[in-house]
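Down below are the structures I want you to see.
After this come two complexes, each holding chain A, first together with chain B and then together with chain C.
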Partner chain A sequence: MFYKAGLDIGSVMAKAVIMDNDKVLSYSIMPNRGSFYNAANNVLKEALEKAGLTYDKLNIIGTTGLGASFITYPHIKNTEVACQSRGMNYLLPSVRIVIEVGDQSTRVIKVTEKGRVADCVINDRCAAGSGRILLIISKVLRVNINDLGNFSITSTNPVRFSTSCSVFAETEAISRIAEGIKKEDIIAGLHQSMAIKIYSMIQKVKIEEKCAITGGGAKDLGLVKMLQKIIGKDLLVPDEPFISGAIGAALMAAEKEVVFT
Partner chain B sequence: MIFAGIDIGSTITKVVIKQEEEIRAIIIQPTGAEHRRLAHEVIKKALNNADVTFDQIDFIVATGYGRINVPFADAQVSEITCHMRGVSWLFPNVRTVIDIGGQDCKGIKVVNGKIRNFIMNDKCAAGTGRFLEVISETLGLKLEDIGEISLRSNDPAGISKTCTIFAEQEILLRLSEGVSIEDILAGLHKALAGRIYSMVGKIKIEKDVVITGGGAKNIGLCKYLEKRIGFSMLTPPEPLITGALGASIIAQEMVTKAGEEKLAHIKKERKLEAVTFFDEAD
Partner chain C sequence: MGDKKKKKSSAKTLQTAREAGNFGKKILASARTAAEEGKPIAWSMVDWWLGGTIAKAMGVELCYPENYGAFCASVRRAEPYLDYAESDGIPNTTCGYARNCIGYTRRLQENNFVIPQDAPGGGMPKPLFLLACGAVCDARYKWFQSLGRYMNVPVWTLEFPQTGVAEYYLAGNKEENIKFMVQELREFVSFLEKLLGKKMDWDNLSERLDTIFKTHQLAHEVDILRKSVPSPAVNTDFWALMIPHLYLPDDPEALEFYKRVYEEVKYKVDNKIGAIPNEKYRMAFSELPPWHTLGLFDEFAEKHGIAFVIESWNYHAPSPLPESEREGITDPLELIARYSYHKFNESAPTAKKYCMDPTIFTAPYLKWVEEYKVDGLFCHPLMSCRPATYTLMHLRNLLMEKFKVPSVVVEGDIVDLRVFNEEEAHAKIDAFIETMDYYREIRRKEGFGW
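== the complex of A and B ==
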């Protein structure tokens, strides 16, 4: 028995997985609600409860994400990119290109056969192409974020957005609503503008045969469909896209063979 | 003779009614989604304030991003030209105009009262008034207050000068690290000033520098911008109206060029009636 926990404290969601050797025993996902510290504690507690384990039973804890530095218990921290590529390699071993669409970050990672990072492109200067705009638009249109995809795929005439800036896209969307344009066309237009931005990132690393999408954006069917259309390739999606980073964090921590009691 | 300038900006609409060298009325109000109805509403208000009738106005020039939606305007002129004219009228020695609008930021280089060069950002919210709006919302403060609060700081927090969405997250990070609101605001203003400086710097900033637009009303931003530029800037008594003022000055010029016969024809054709985008019958 070698129990390990992986935590991925992102800018919006906290994710935890509990693993025994190579098997995922349980996982937990919850929003941060403004405190990385509380979220990190609660999400681990919930995951442990689901697995029927206690904190003392854990052999190692691996962490990643923006909020990982707020964790107070002993842990081994790795970068988001390394954890994503390791986690995705565990979930979908054949995949060589991983697109991660998070709240703030969109990353395109080229993964080696062993799950190491070969190359990556990160949107470090501009939030265009990240999942934040999906949150914003769901508020503006009063649509549940989980339903955005269903609206988007029914659109026949996506609206063209003049900027990819997430802040201005909100204003533009409001103007389009005022002009009486249908919800689905606005949402599909946004998905299109995100997909174009993400595609421009993919072009910077050479595209490979097998591609996958993960992160919160992977839950949006409209975005996935639009990306597939623009890239011209099918995208694999993990069963639970939120936890790939946390799985990677757990695996990488264990591989370092620093065991604490 | 009486002239009107109407500036429909992305966030705020401005009207100036000018008689010879005197400003008779100023209207400033938020822009909604319906520009045509708004144009009708603001011109009526302005006429009322100036105590003139619509037929007494000799020429109307519209500017700003909603300028094509002013049905009664006699001409449309770009906001770059209008801002330059308005500012030059107030400050004849101006060489650089920095205009920080609600959704864009412009730098205009003026030589002998003519535009030599300009630079503009309307593709990214960083460096525009929208940045200030978003941060005041995130911190739960009033837009008018944040500039002053930022001046109380001695140790501005580190904020990167890039994306508005990232800045929002940086605010939350700094807050959870226990940094004070003054320091965060100072850091944000410093980042915004850096962003504007690096953009406007491309056209070389030279004295006299005049700052206009909503951003000019933010004392914190002006301070950090002055620090970057290295000398003080001039601010018009009402920084919002320079575009509309410039439009009214151009109106005056156009009348002189047009000649009386043509002018009489223009005035006869012009009508002030409510027009909207939508069919409101149902």
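== the complex of A and C ==
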């Protein structure tokens, strides 16, 4: 038995996985509600409970994400890019391009057969290419974030967003609503503009045969479909896209071979 | 003009590099003293030793607005000038050096050309004229024209032919270019003679030229020493050491100083003392630095063992002018023209070898990656500078294609701290370590020498 925990404390969601060697025993996902510290404690506690384990049974804890520095228990922190790379390699070993659409940033990572980072492009300057814009627009349109995809796939005429800035995209969306344009066309238009941005990032690292999408954005079917259309390829999606980073964090901590207990 | 933000300067690794900032202070202080004594002063662009040397031989004291911009940024006091330039209608995408300088000049003009008390480094006094140079970029024409209007002083612009790789190899092209440059310099001499009411001191010019060649020879030898593993000096050392060799290479004090630089670096090479204690990765940096946050590179060194072994092509002294080019040339103007032209075109054979354009900002790195055993390139696209940005993606692709050397891209600006995100730089470098490891392995498998 070698129990390891991986935590990915993002800007919106906290995720934890518990693994025994290479097997995922349990996981937990919860919003961090403004406190990285509490979220990191609670998410680990819940994941441990689901696995039927206690904290003292853990041999090692790996962490990543914006909120990882708020964790007070002993842990090994690694970069989000490296953790996504390892985690996705564990979940989908054949994949060589990982698109991670998170709240704060979108990353396109070229992954080696061993799950190492061969190249990466990060779009963290501009919310228009990240999951944050989806949140903004879902609020403007008064649509639950989880329903964006269902609206988008029924669109027959996506609007063209003339801007690539999230602030202006919000204003544009409001103008389109005032013009009486259907929600589904506005959402699909937004997905299209994001997909074009992401595609240009993929081109920078050069596309590979097998590509996958992960992070919160992978849960948005509309975005996934639009990306597939723009890229001209099917995208693999892990069963639970939220936890790939946490899995990677657990695996990377074990690579460093520091054992706490 | 308070210094609200925390300073983020580099500690530098060479003792001589720590002292090199004194040359920057000397430039400003000498100009102010000259102004007090009623002697002629000019503001000069970096012109790769073309007109500046001539002006100095005529007794003109020079200040360098680009260097002043770097200085204001490094002490984190550029923002008020940037804001002030922008509030006068200068777009925030205009060159950071230009905005800093225009903001400063506007203040100077509003203070009846008395240097404001709070000017960083004591400030630059009002010039008699402005010396511009067309090399590299269009912003440089408009920037000095605009300064000329703020201060109502004449602007002299020296043209510098920018040659494509194919054109460089056209029969007679080079000699035509040199002829053109010599003519430009001759007209500049006439302008100065008229403005200053005295004749050119040709002996003084030849002496200065001789000192430039000697200082640069040493600077070039230091560059060669930096190929050693571990690297005896890093980018932050270089960006300090460049002040004497870029702005004052004709100053005997700079020459003496460079002898010490050479000795310090040579000692480190002979004794295998690395600039950073635990060199694990060797990176190159292109092209212009984030002057406001040079301490970042110290952090990369400490955290990851990254030594930035080579950087900023445009600031380096060229290799010595080949004897064949010097032989029989008695006109110092021609020697100057040949030397500056050599600086810009000495990597043309590399560009030709790899069938690529342009030579400047690009081809030198294709040589350097091999010579300096570079593991990765740090690309710093600038919000406000096209020439030092547009080549970066091209270079990134070339290094990967030809040498399997990866790049990391961190956007920012030379002067404008407001568009730079340190956290982003750290996150990207953290992730880039694995990428460098990966390509090291690939290079090894493919038989590259490093």
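Rule of thumb we're sticking to: the second predicted complex is superposed on the first by the 261 of 261 C-alpha atoms of A that agree within 3 Å, B and C clash if a C-alpha of one lies under 4 Å from a C-alpha of the other, contacts with A are read in each partner's own complex, and residues count from 1 in each chain.
Please note the rule applied: a contact is a pair of C-beta atoms (placed from the backbone, for glycine too) under 8 Å apart; a residue touches a chain by one contact, two chains touch by 3 or more.
Owing to the predicted nature of the structure, the values given are computational and were not obtained by experimental measurement.
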Query = Based on the superposition on chain A, does the combination of chain B and chain C result in a clash or a fit?
reply = clash
Request  = Check the residue A:F36 against both partner chains and state whether it touches chain B (first), chain C (second), both, or neither.
outcome  = first
Inquiry  = Taking the superposition on A as described, I'd like to know which of chain B and chain C A:T154 touches: first, second, both or neither.
reply    = neither
Winner by number of chain A residues touched, once chain B and chain C are compared = B
Inquiry  = I'd like to know which partner A:S11 touches here: chain B for first, chain C for second, both or neither.
reply    = first
Message = Between chain B and chain C, whom does A:R132 touch in the aligned arrangement: first, second, both, or neither?
response = first
Request  = Answer with first, second, both or neither: which of chain B and chain C does A:T171 touch in the superposed model?
outcome  = first
Task = Scan A:G180 for contacts with chain B and chain C and give back first, second, both or neither.
result = first
Request  = Return first, second, both or neither, reflecting whether A:A118 touches chain B, chain C, both chains, or no partner chain.
outcome  = second
Message = In the overlaid three-chain picture, which partner chain does A:Q104 touch, first (chain B) or second (chain C), both, or neither?
response = first
Query = Thinking only about the overlay and not a real complex, which stretch of chain B clashes with chain C: 38-46, 200-208, 254-262 or 272-280?
reply = 200-208
Key: chain B/chain C common contact set on chain A   = 124-125
Query = Considering the complex alone, what residue numbers of chain C touch chain A?
reply = 406, 409, 411, 421, 424, 427-428, 430-432, 434-435, 437-439
Key: Complex contacts: residues of chain A adjacent to chain B   = 11, 34-37, 66, 70, 104, 124-127, 130, 132, 163, 165-168, 171, 174-175, 178-180
Key: Contacting residues of chain B [partner chain A, same complex]   = 10, 33-34, 103, 122-125, 130, 134, 162-166, 169, 172-173, 176, 277-278
Query = Tell me, which parts of chain A touch chain C in their complex?
reply = 79-82, 85, 112, 116-122, 124-125
